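Below is one structure, written out as structure tokens, with a few remarks after it.
Letters A, B and C mark the chains in the order given here, with residues in each chain numbered from 1 onward.
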Amino acid sequence: MLKIAVCVKQVPAYSEGLMDPETGVMIRAGLESVLNVYDLPAIETALRIKEEAGALVDVFTMGPAKASAVLKEAYAMGADRGYLVNDSCFSGADVLATSYTLMQAIQSTEDYHLILCGRQTTDGDTAQVSGAIAKWLDIPHVNWVTEILHVAHDSITVRQAMEEEIVTVKATYPCLLSVERSIFLPRLPSLKGKIAAKKKDINVLSLADMEDQEESHYGLTGSATKVEKIFPPAKTAQRDIIQKDSQEAANYILEVIKKVNK
Amino acid sequence: MRNMIINNEKCILCEKCIESCPFFAIQKNGDRLTIGEDCSACGQCREVCPAGAIKMGESKKEAVNKEEWKHILVYIEYRHEKVHPITYQLIGKASELAASSDDDVCGIVIGKNTALAKNQLKHYPLKKVFLYETEEHFKADLYEKLFSNCIDKMKPSVVLMGGTAEGRSLAPRAATAFRTGLTADCTELILRDNRELVQIRPAFGGNIMAQIVTPDTRPQFATVRYNVMKPIEPDCEHETEFIAEAVEGAYSKLTILEAVPRPERKGIAQQEILVVAGKGVKKKEDLAMLEELAVLLGGELASTRGVVEKGWVASDKQIGLSGQTVRPKLLIACGVSGSVQFMAGMSGADNIIAINTDADAKIFHIAHYPVCGDLYEIVPELIKGIKHSVRDGIHLA
Amino acid sequence: MGRQLIYPMEERYQEYLSDESKMVGKADSISFPENEGEILEIIAEMNACHTPVTIQGGKTGIAGCAVPARGHVLNLSHMNQVKAFNKTAQGEALLKVEPGMTLLELKKAIKKLKTEEELFWPPDPTESSSTVGGIASCGAKGICSRLYGDTRKYIQAARVIQWDGSVKEIKRGETTVSFLGREKDLLDVYLGGEGMFGILAELTLRLEPRPKEMWGISFFFEKKEDAFTFADNLMTEDLQVEGASIAAAEYMDRATIDAIEERKEMMTALKELPDVGAEVAAMIYIEIHGMEEEAVEEIAEILMELAVRCDSDPDRAWAVSGETEIEKMRVFRHAAAESANLLIEKIRQREPRITKLGTDMSLDKEDFQSVIAKYEADIAQEGLKACIFGHIGGNHLHINILPEDYEEYEKGCKLFEAWAKEIAAQQGKVVTEHGVGKLKKPLFLQTASKDCIEEIQRLKHTYDPAGMWNPENMI
């Protein structure tokens, strides 16, 4: 049977409007954590394949204990097993360390044929972890997948949206696909599924469950990049209302259009 | 915890760090503060701490010999025998960085008929360009092998790539091959004297900027979105050395079965440029003027709910909470007052120009370029101006 | 004197002559005051020339309360600031806001408050651009009023500007007036007063701890009779679980679902929901709120069993939790009202004499099944089309007649009158939460008791002797 791993992430519900523009203070109250919306189509893709061809659908998420909520959501949608990748030494990870940790978790669990990721997260917004996981596992990967065309016993054929072209690609297993939001409209959990999910257990994977147990390969020490500082963006927005005669106003707008379209 | 460390003896419990933390990672437990798993080691808490009680946990990683890694490599995207225009923006930035460090800017082209790239590149300041001849279509695994081969030989300190579909697929794979860092969508890059690349990118939907470095590993990978950096203008012919390279036995586990041109994008949600008609438009016939403006700019006409309800515009052109949410690069709001519902559907636009006779119109609160005036006077002038520019060879669409 | 406050009613202010009722009124001037001082200046000027004033908020009302009949339009949408927040000794969380604050702005403002526990303001009539002042003025309460009750419960005090320009601070429980032989809190004269007694220049809202756990469940029924049974069982079933309650129970018929689905392609927010199966004849949306996760689940399980008994497949029911996911469901429910309004708007383009024909009547004496069956039978007998949706509690249904032509519109109007009389005779409410305004004035005058109308006139005379506020409204 086809074995599928789906990587998902818990993110803050509002990626925008977080910082008070006047004081620069982050608004923390009422910040709900949700399953990254880009990951829902990845789960849906796995479930469709399961329904069509039969498959085991496992879901992995790396994060704090409360991130198990997104695994429950995946259960409610129909996922088989959920893995919370959690250890105090995993925190502070950048793309490199995150992808390494997820790779270790995946590799320590099953020999998966197919790994599915969402296009990107709403908080990090980098769309990089999927390609990095593929490299760690040394398997091919296809980004920007908009359609699953054929699921065979040894390969999967998909449509990939590049900038200028739509490409039909066949990838042999094991492989990784990063799917676009448009691939499938994710199902809503059913009431029965949701109630059943509440009673289902979450598997926790910590450092001790990994093949590589060298602490320094994970988290902050395993990261290659370092955030030196964060600061509020310079306000470039021009807010002074232009009041000129029509000719000048038109010229002004034209200059703006040229600047934007450079 | 291992990331940021709080010295509770020094801590004066002012809780400034709690407020400053963008990841909500600091908690107060009784009379001590603890840093939780959400910590990203961004250092913001250290900045605001008046008591100097917070320190960065030290990384124990073995550093590579950074002296061996010099120069800047630009990934030159090359499809159907054409160099992607983002290349010139990357070369522009790379030249700027190189000027401060005596480094060279080199390029790599991977694809089919790479020799034909020479003519397109010779007017740009590139020291060397490596040409890897292979299949026409991008395959992440195969391209990464060739790219890594080049990086291995050249040992660049910095690798710049376009934030295109291809660049964003290839970059993480290549960076992981060298166990090094990658920063996506940089809006500013600065090279320090020790060749450390300072990478600045927006985070949290543009609400904060993060300054990132890659301290111990090389190369330092960064991607840059299209049209963020200024392109370099072609000048005299440079003595660029073009070097044909190959990798024995490189293959892909991906098979391309078909590639067809991407169909035209349809619908206002997909457009990069939108002209929006609001209640300031008095007659249905007047929409033709705005339609013309939209077509001239290569965009589409959209409208507010009010105009749709009058039956002047099809309802799939409606922007707002009860219509479409749009994020175009440029939105020109003509005679739009800016209701809450409307603005919720378009506030994500990169650039908003608003034309309205009412200086108190709410749309001016979010417009980047608010223009108080009569659209019936300004838009015809604007159309004239655009036609002039097009005649002068300036392409706006 | 500062900036110019009063503007002549020029073409660019056209939109302020109308609201979601689509009635178009008349006015000579308009103002957008930014603080109480400016309101007072404007009122003084209007008083001097005996010009009546219509108060306006978000213009989202559907009964035309904010549509001016003549005179001046006082638009409060620029007054949208938080004034103060404090906790009383009794632990009540009170938020003072200006009346032009929209629900969306209010939600954001509450999120910014630094409080131990998360708070919220229970009235939530799904339209996020409606203003607090507008909600207070027509008593809009939204789908969760089943649990939280009337909006007035969550308004503690108000600063009222009276016709003569004097300002009065009214706190709940301080003063009462007699109304229909009972004592009514003075504050409640203004709340639900549709802007006929004075200007609410500042409101003190009572906030409640936000339920920690929220579930939203949509049940689908292939036979609508099953949905009726489910609705009636909801009333009788033992759903008493400590720590959680059903906050909302909403019915939508197939015509409503069709109207919503038709708009899907045009509305980003709706696109995130899967299609409703073609075999579905009706749906019921339920929200469970509670502080205890287990308690919420327990109710969900009882509902699941009830659904099975009523032939609704729990494997197909949508079930979500958390604010973000629930918002998607609310968008769907809110789209019911919006889609009905849009259908009417389309018809209006053909026949401008037609306006919205939507009921806001409630009658809690009978069971759901017989109430809705009666409505449906009447509609069928007249050969009319309608979409029916609304609150199951109190059988508070919004029936929107969709006339093909003016003749059908007139038939619909007659039907409405008949229903209103019947409901009034059975002590139901003809107008529950949308307000009477100008659109439902004839219906109201026909059905309300003579005593009631006289009492309102008396109050109007007491608090607005000069006939300053909202001319032509309600009475």
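Throughout what follows, a residue touches a chain if its C-beta (ideal position, glycine included) is under 8 Å from a C-beta of that chain, and two chains touch if they have at least 3 such contacts.
Keep in mind that this is a model prediction, so the values were computed, not measured.
Ranked by C-beta contact pairs, the top interface belongs to chains A-B.
Averaging Cα coordinates per chain and for the whole protein, the chain whose average falls nearest the overall one is A. Centre to centre, using the average C-alpha position, subunit A and subunit C are separated by 39 Å. Subunit B and subunit C have Cα centroids lying 44 Å from one another.
Taking each chain's centre as the mean of its C-alpha atoms, subunit A lies 18 Å from subunit B. Subunit A has residues 17, 31 in contact with two or more other chains. Residues 13, 17, 20, 27, 29-32, 34, 76, 185, 187-195, 198 of subunit A touch subunit C in their complex.
The touching residues of subunit C, counted against subunit B in their complex, run 11-12, 14-15, 32, 58, 78, 102, 104, 128-129, 263, 265-269, 335, 338, 342, 345-346, 349. Residue ranges on subunit B touching subunit A, taken from their complex, read 1-3, 19-22, 24, 36-44, 47, 57, 59-61, 79, 137-141, 144, 164-166, 168-173, 175-177, 179-185, 198-199, 202-217, 227, 230, 252-263, 297, 329-330, 332, 348, 350-351, 353, 355, 359, 364, 367-374, 377-379, 381-382, 384-386, 389, 394, 396-397.
Against subunit B, in their complex, subunit A makes its touches with residues 15-19, 25-26, 28, 31, 63-64, 86, 88-92, 94-96, 99, 122-132, 134-136, 139-144, 157, 161-172, 175, 216, 219-233, 237-244, 246-247, 249-254, 256-258, 260-262.
Contact residues on subunit C toward subunit A in their complex (touch as defined above): 108, 110-115, 118, 210, 215, 217, 219, 271-274, 297, 300-301, 303-304, 307, 314-325.
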